[in-house]
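In the two complexes below, chain A is the common chain; its partner is chain B in one and chain C in the other.
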Partner chain A sequence: MNNVKKTLLKRGIGYIIGFGLLYAPFGLLQIFLTGVLKFTGREDIHGACFRMALGNLISGKGLNILTTSGIITFAILIVAVFFGPQFCGKLCFAGALPEYASRIVPDKLKIDWQKYIPSAPVRYGALIGFLTAPALGISVVCAYCNYSLMEKIVLGGISWNLATLGSAAILTGFVWLFVLGIFTKGGRGYCTYLCPIGAVQSILHRVGILLPFTYKLKLNKESCISCGLCAKECPTRAITLKDNLLKYNVHNCIACSQCIGTCPKKVITFGRGKDSWAGDKNEQYVNDTEGVAL
Partner chain B sequence: MYLKNARLGRIAISTIAFGLGGLIIIGAGFYRKTLANEAPSFKASFEKGNETFKEFVYDINDQGLPKRLMQPGKISVSTGHGGGIVNKTGKAILVNVRTEGLPGEAEVESTNPAFDKKSKKFVKPIKSGETLSIGVVLDIPRSLLSKNRIIGQGSVIFENAVDGTVLGTLPIKIINSAVEE
Partner chain C sequence: MSKLKAFVIGTGVAGFNLLNSAISILRPERCGGSCGNCNYACVPTIFVLVGAGGLVVAYRRLKARFLKRRSEV
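And now, the complex of A and B:
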């Protein structure tokens, strides 16, 4: 088994654990939080809802930390500051499903959307839209939730009886699994363009990497052989290779470690210290033409 | 000069992309608002007993295109997100829910912890002042949806599971206003 497959397998185990922890019919984390630690909340994916917690925070209801969704949201945010978007890269089953499924679709059928539309500003714009929606009297929290849809699909698969879906949920499924999923290069189009949870973590990670004691993706430029395998394997196109320039866009990175596991020379690492990409200013989407000359 | 223009170009593209992201979400929110009648909810409370709640009318013609294409016959009659039937009887009641005369298949569901998902029954009483979240999922065959204007009528009956008395009845009418009478 080559490094790519080994890393995919290793990551896959993480996503399955993530499913067991957060989604019904298991919801082990919520069961632990409600049963053992006596927090209030539901034992399905709604009990881990980051979006509802964020929505409550913005609408003035505050973040009730003593609930399952409050504690899980708080943990995701803290981890994002110190270790990056680990939830996205290591546990999020809803993000991983289209990524893994896209690997069985031939490349010629997939669109590299990022060639045409930069994802980071779209995602941050979507986050602002998500946060301002309640002020406009509209709601996008539950109707367009791919997590809830994911759970419904799995539970429907088990009981062979799919739950009632609204038009918004059907549209979400179409975009998340197909348009921005299996027919998108990397399969993580929904994550990189529309996910508000990922957007918040990316902002925190972007701030976090400025601190020397936080964990970040690092490159040993001297030992890199310019094979481009990391760029080819990156599911979110955070690493790209163009005109012999290796570019890293921290706003797209989900800390999945696919590049680390794939690199034949092990020159990409995840560790503390100075941001090794920063000298090239290539971490910012507004000036990402500069890069590491290879 | 070239670099400056390229940089300005990238800033412009990023700004447009940022606006596009916001507009997609706001647009999605307004689209959802236009489909409010696709998943209507009802409000009710148990008070004196044997009450008939306001008739729940579901119009198939209010469905959005994705719903009409994929799942037009699968309808939920529910108390909605965060809603529920309030127990104002002043005592704890163990509720039994059954349906009568509804078209297609009907299944009771609830997110309430007192609801046993296997037996589809409430196994714990609902205390006074508490709310009962409830939904009835109807699965109506596609062939019935465009035959008549009134697709079917029936009711959801809420009973006291201990003594069998009726707490309330929710009349339901499923119509397709696109079909002429």
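And now, the complex of A and C:
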């Protein structure tokens, strides 16, 4: 088994654990929080809902940390400051599903949306709308939540009742799994364009990398053989190769470690210290003769 | 990408998200989108946006292919 497959397998195990921890019919984390630690909240994906916790905070009700959603949101955000968007890269099953599924679709059928539409303004714009809505007394439409849909599909599949999926759910599924999923390069279009929890983590990670004691992606330029494999394998296109320039966009990075596992020379690392790849003018020249055409 | 373009895109998406969220006034919390009381006001908007995006991409791809072929000739 080569490095790419090994890393995918290792990550896949993490996503399955994430599914067991957060989604009904398991929801083990929420069951632990409600049953053992006596927090209040639901024992399905809504018990980990980021919107509910942040909605309460923004609308002036305060962040009720003593709920399952409050504690999980708080934990995800704190981890993002110190270790990057680990939730997205290591546990998020809803993000991983289209990514893994996209690997069976030929590359020529996939669109690199970021060539046409920059992800950062869309992502942060969506986040601003998402955060402003509760402050204006408007509820964010839950019908477009891919986490909720993921759970509905699983529960509906178990009970053979998918009729509960309404038009909004079908539309969300279409965009999440197909348009921005398997037919997008990397398969993580929904994560890079629309996911609010990913956007908040990215902002916190961007701030976090300025601190010397936080973990960040590092590149050893001297040992890099410029093979371009990291760019080819990056599911969110955070590492791209354009005009013989290897670029790293920290705003798209989900700390999945696919690049670290894929790199044949192990020149990409994730560690502490002042130096970071993102702080290195976001780019690295690639050897013309050895670069991989993507 | 210019900062102005990024700002316009970001503001547009934020506005769209807000409008889309405002539709929730017409429908109950955690609506599955199946009752139709809101006349699915959001659905055509999103289909139009996704469709327009797809058309733009298709147009640019075809144009690039056409220009490449013409330059080869």
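In this text, the second predicted complex is superposed on the first by the 271 of 294 C-alpha atoms of A that agree within 3 Å, B and C clash if a C-alpha of one lies under 4 Å from a C-alpha of the other, contacts with A are read in each partner's own complex, and residues count from 1 in each chain.
Everything below uses one rule, namely that a residue touches a chain if its C-beta (ideal position, glycine included) is under 8 Å from a C-beta of that chain, and two chains touch if they have at least 3 such contacts.
This structure is a prediction, so every number in the text was calculated from the model and none was measured.
By the touch criterion defined above, A:Cys227 lies against neither chain B nor chain C after alignment on the C-alpha atoms of chain A.
Contacts of A:Arg42 after superposition: chain B is touched, whereas chain C is not reached.
By the touch criterion stated above, A:Leu77 is placed in contact with neither chain B nor chain C. Of the two partner chains placed by superposition, chain B and chain C are both touched by A:Ile138. In the superposed pair of complexes, A:Leu28 makes contact with neither chain B nor chain C. Contacts of A:Leu57 after superposition on the shared chain: neither chain B nor chain C is touched.
With both structures placed on the common chain, the touch criterion links A:Ile128 to chain B and to chain C.
In the superposition on chain A, the residues of chain A contacted by chain B and by chain C overlap at 117-118, 120-122, 124-126, 128-130, 132-133, 136, 138-140, 142-144, 164-168, 170-171. The touching residues of chain A, counted against chain C in their complex, run 111, 113, 116-118, 120-122, 124-126, 128-130, 132-133, 136, 138-144, 148, 152, 164-171, 175, 179.
Against chain B, in their complex, chain A makes its touches with residues 42, 117-118, 120-130, 132-133, 136-140, 142-144, 162-168, 170-171, 174, 193-194, 285-289. Against chain A, in their complex, chain B makes its touches with residues 6-7, 10-11, 13-15, 17-26, 28-33, 35, 38-39, 63-67, 69-71, 74-76, 81, 111, 137. Within the complex formed with chain A, the residues of chain C that make contact are 1, 5-7, 9-18, 20-25, 27, 29-35, 40, 42-43, 46-47, 50, 53-54, 56-57, 60.
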